[in-house]
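You will see two complexes here that share chain A, one where it goes with chain B and one where it goes with chain C.
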Partner chain A sequence: MADVSTIAETPGTATSAVAGTPRRRRRSARLSPLLVAFVLVPFAVESIWVFWPALQGFWFSLTRWDGQTPPEFIGVDNYVELAGDATFRGALLNTVIWLVLFGGLSVVGGFGMALLLQRERRGVGFYRAALFTPVVFSLVVTALVWRVFYQPDGLADQILRTVGLEHLIRPWLADPKTALYAVILPALWRQIGYVMVLFLAGLKAIDPALQEAARMDGANGWQRLWHVTVPQLKGVNAVVLSVIVIDSLRSFDIVWSLTKGGPYHSSELLSTYMYSAAFQSLRLGYASAIAVVIFVLALAVILGYLVRAFREEA
Partner chain B sequence: MIRKLRTGTFHTGMVLLSLLWLGPVIWVVVMSTRTFDDIAANGVGSLPHSFTLDTYRQAWVDGGELRALVNSLLVTVPSVLLSLALAAVAAFALSRYRIPGRRTILLLMLAGNLLPPQILLIPVQKFSELTGLYDTLWALITVQVGFGLGFYTFVLHGFMRDLPGEIQEAATIDGAGPAQIFTRVMLPLTRPALAALGALSFTWIFNDLLWAITVLRTDDRMPVTPALLALQGQFVSSWSVIAAGTVIAAVPTVAVFLRFQRHFIGGLAIGAVK
Partner chain C sequence: MTDFDPGRRRFLGHLGLAGLGALGAGSLLSACASSASGPAKSGGSGAVTIQSNLSSPQAKTAIEKLVENFNKLGKGTASVNTIASETFRTQLPTYLTSANPPDLYTWYAGSVANDYASKGLLLDVSDVWQGLGEYPQSLKTLSTDASGKQVFVPMTNYWWGFFYRKSNFAKWGVQEPKTWADFLALCETLKGKGVPPIGIGLGDTPWVASAWFDYLNIRINGAPFHRELLAGKQRFDDPKVKAVLTRWREVLPYFDPKGKAYPFQEATTALLAGKTGMFLIGTFFADAAPKDALGDLDFFRFPIIDQAVPVAEEAPTDGFFASAKSANPAGTKELLKYFASVEAQEEYVKSSSGIVLPVHPKAKAADSPLVAKGKAMLDSAAELTQFFNRDSSDALQPTADTALTKFMDKPDQIDAILREWQASAEKVFKG
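On to the complex of A and B.
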């Protein structure tokens, strides 16, 4: 290490790629104020609108607050109340159902579509585009498209009538038995194309020689899928899983546009319950406690994601 | 023979699936051109018996979609430009210079973006009231920038880190400072990633509902997404007007997608690989 001067960008370092430690030498140990600003300004913006509010959110969850008078500290009372709140438990259960059905089916559907459409052949471009189209729509647009579909005497009812299943017809979004599932379906419709694109990118990166070798060894289609393709997708799988869990816990727009969590909280998710507790019932402390629960559920996933990202950075 | 049969089955199945995906969209587009009387007489599920474009005029003018669309663009365009600019400088400094604690900063910024927004809603609303930004488009712009920054920085960092160091060294020898290296060397090389993120963030911000209804209250200031929900309340049973409003709200993101298709899909893939 001959060159430890504060300014590493001396002519000698230009050829340091051969010298073994190009990274260390290339960079200046003296930071210009401009570079500090480059990092600090964005970080400050995010601190103001994300980090600081997040900390405040935790604090608010320990208070009773109507938004007008100052918040009053009440310890863990909000959490105690949550434990006995039937609506909250219903919303928690619905969120888990949402996670399993919306998350699980979009992974299965997206992966299946990616496998079907991975080989370039005639028509594949069109099919991919068709499945991907709803991804660019907002969830509100998606909701309105499906609201038309679910209307009494709308397309859904017409189809059932045509195939002779008219006894199944019901007010899909207004029936507490079907509301949640009637909301999951449009969400899936929009998500499958997105997951498909992620998997298509992952499948493209797999070396075709691996498939060929497995085929030579006499592996059948399923075996090749399970023992060659799926393990090769490990990285993509982790990302898809994180994206799906985070998206599920964040899901709000589609429920809010279609049912607002009703009827009788039958399609209530933690996110919609939190929103109505905060901005309709004006129970800001209680709503913050619900938000903390959502945060804790998301945390496990985020940690997994970050641990992976960290390893990649290292 | 078997091969032909399999190809046939594949295409039949895929055409049916594509129809399942495109069908509802086509249905809404067709429905937006039906008259009120037609829908009242024949129902929402029937084939069209009429054609009109007056529904678009109603959604556009009476329903306030024009103003909402303007609001959306006033929020989306500055938000995209600002967040990409801030993310690009942060990513540049963090990836090309030995900033102390750079890895922690980067991961902290990413973690902020992965937070469920619910935990931020109440504090953000209160903060925007405190600063007098509440119910202005500025509130929405700054929230969007703050919340999106972490992810954009992370993706751009991954991209810039993989650019060859020799170019930067050569520029340094020629006497260029960080500012010049950033604008003359790194930025042009980062263009594909910026285009991809730009297209993606445009649709994300344009399509947002939650932040808009958290920091805005006045109907006149709402962007297209919440305005569409309001339209639904205003034209309760005028399904063709609601359908026309839906089409109008979907057009900008579809246009951006079609224009930047390659970047768009590529951007999603960047997200997957990182």
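On to the complex of A and C.
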């Protein structure tokens, strides 16, 4: 039976293949020039503005370059130096702290806010808008607002004084113990609203019938959240994770505007260290090596997640 | 905003408008995104283009006025392109190395100019200097590169000192100190009256601390050692440098504790409001001072520590250098000759309204007792230094900021801090 069908089918397949090939060729030849343009033009633009500079970055990371004289090839010396650079290690640690605190808290906060604000009640639009407002501000403007908040005798100090905690008062942005956390706070203030919107969109897409069914089966609120809502958000989670990781690793403007990585590197992130190595110390080769590290980190975290997500689906 | 440069123009460029700040940072970021976009020259008709970082309203008006006057002379035409100072600083190497660079640039004399000159990027302006016979030798030396040719033409300078309010000193019953012992006594008196004696502003402007380092070093070890140190010919972990920080440590308890958190602009406000006693700063701080406070301001020179060391003062000199690739070197030099002239400098000092001194010995400075006193101080100095970054490089400045702010926080770690400083300085010198 199987044999017969194979034999019977083989000529047919051959015929169809023979007949099909020219047809397919003709179809590809008829591929609309507009379509080709849509693919090739962005690819060309990307190549010039994204891929080529990125590849150049890898090359520069193997050179010593001050931006004025031609780069000089020095092999992996920059990476060797990175390994022994205490400031780089501090920046790496701070970036990990940033990733965990900024990333973790903005997911928790954003998800919590989305759950709170998902149901249509009176005035809920106002709260959503209020939480989203910080996203609209440029981070540099945000930094100016928070700088006023943190300044000596500023609002932060006044609040502490009012509640009788004046012994805690310190130069928030100038104290190496608090500088990093004092910068994470404004970044979170902004990111929570953004993540909330992503989750709100995800929550809206969940079929209410699922919740209904779970409720009929006697699931309590916690079980419905954990076993119905969260699994349904898998697609959104991937987006949120990518956004968080990328935003963490590229966080620069808020740190630069508030502390510039100071005092003495205590709030230095990889991104700020890269910038100061490149444009203050004029060591563009070394800065490129830091950039490569940032790239690898981002890729590792995101690829790790995607691989796991695909494996689960398969 | 990045701000580790003591140039007054830098500060003026920042006068603190939120929107301006946002714009500045925006252009800064886009500046790193798009490299090597050399500005196109305006017209091919041989007009000299000036790339200027004089972005404060008064200074911008002043330089535009000068160019307008120059254009009337009929020796050529010029146009000014004003750039936000932070963008200017980060983009300057790009301007100079681009294929079609602007002709003339506002910038600083000293090692910064020499550094560009050593890469062959600057126009030889020795023939302009042949007409500047009246200029003192010190300025000529300052404008000369390692190969012996002049690459810079100065226009103005200013001075640093301990500024205070006369009315406050009278109220507290204290006098200007002359020696280090007087200075310590003054600090003690002010502290006894409940006033933080020494104001400083390191939040956002950590380079202000370098003034203390510079002055203590030129008072204790002398200007030649200071220059060698900043040029990488001496080591930061040298016992002589340790002596500088040890001396500084004696006055650390008298610093305003809030100074760490706010920039020097707010330290200025604190000084004017009588919340601090005195403030070691350059004259550019007064640009932000209200007019009525200006008459009440006075200063004294950094106290003498060792009588045997020739007195040196910080006098950062601003002026111009030109691109080696200028398409119109003759016109550029004509313009430089004009900027070096008495009438141009007097005009500039008049319209810029800041406390700056013209460098031409015959040009009249602004008519005020404060300016006269500052000029007299510089004239009597045996040696002039520029400022930390100008005597070394912008690349070395962040190493000083890190080391000095850390020292002020943790003065018991002097040795470790100086070792770290030497290590990071070596990286900068190595490139």
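Note that in this section the second predicted complex is superposed on the first by the 263 of 314 C-alpha atoms of A that agree within 3 Å, B and C clash if a C-alpha of one lies under 4 Å from a C-alpha of the other, contacts with A are read in each partner's own complex, and residues count from 1 in each chain.
Everything that follows uses one rule, which is that a residue touches a chain if its C-beta (ideal position, glycine included) is under 8 Å from a C-beta of that chain, and two chains touch if they have at least 3 such contacts.
Note that this is a predicted model, so its numbers are computed, not measured.
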item	value
Partner chain in contact with A:Pro263 - chain B first, chain C second, else both or neither	second
Contacts of A:Leu282 with chain B and chain C, given as first, second, both or neither	second
Winner by number of chain A residues touched, once chain B and chain C are compared	B
Partner chain in contact with A:Leu173 - chain B first, chain C second, else both or neither	second
First (chain B), second (chain C), both or neither touched by A:Ser32	first
Which superposed partner A:Gln68 touches (first chain B, second chain C, both, neither)	second
Chain B versus chain C as contact partner of A:Tyr127, first or second or both or neither	first
Touching partner for A:Gln223 - first (chain B), second (chain C), both, neither	neither
Chain B/chain C common contact set on chain A	67, 138, 140-141, 144, 151, 153, 253, 256-257, 275, 278-279
Contact set on chain B toward chain A in their complex	10-11, 14, 17-18, 21-22, 24-25, 27-28, 31, 43-46, 86-87, 89-90, 92-94, 96-99, 102-103, 105-124, 126-127, 142-143, 145-147, 149-150, 153-154, 165-166, 168-170, 172-173, 177-179, 182, 203, 206-210, 214, 225-226, 228-229, 232, 239, 242-243, 245-246, 249-250, 253-254, 256-257, 264-265, 268-269, 271-274
Touching residues (chain side chain A, partner chain C) in the complex	64, 66-69, 81, 87, 138, 140-141, 144, 150-153, 171-176, 253, 256-257, 260, 262-265, 275-276, 278-283
Chain B partner contacts - residues on chain A that touch it in the complex	9, 11, 13-14, 17, 22-24, 26-29, 31-32, 34-36, 38-39, 41-43, 45-46, 48-54, 56-58, 60, 67, 113, 116-117, 123, 126-127, 130-134, 136-141, 144-149, 151, 153-155, 157-158, 189, 193-194, 197-198, 201-202, 205, 235-236, 239-240, 243, 246, 249-250, 252-253, 256-257, 270-271, 274-275, 278-279, 284, 287-288, 290-292, 294-295, 298, 302, 305-306, 309-310, 312-313
In the complex, chain C residues that touch chain A	1-2, 4, 18, 21-22, 25-26, 29, 32, 90, 93-94, 96-97, 116, 119, 121, 202-204, 206, 257-258, 260-262, 266, 394-395, 397-398, 401-403, 405-406, 409, 424, 427-428, 431
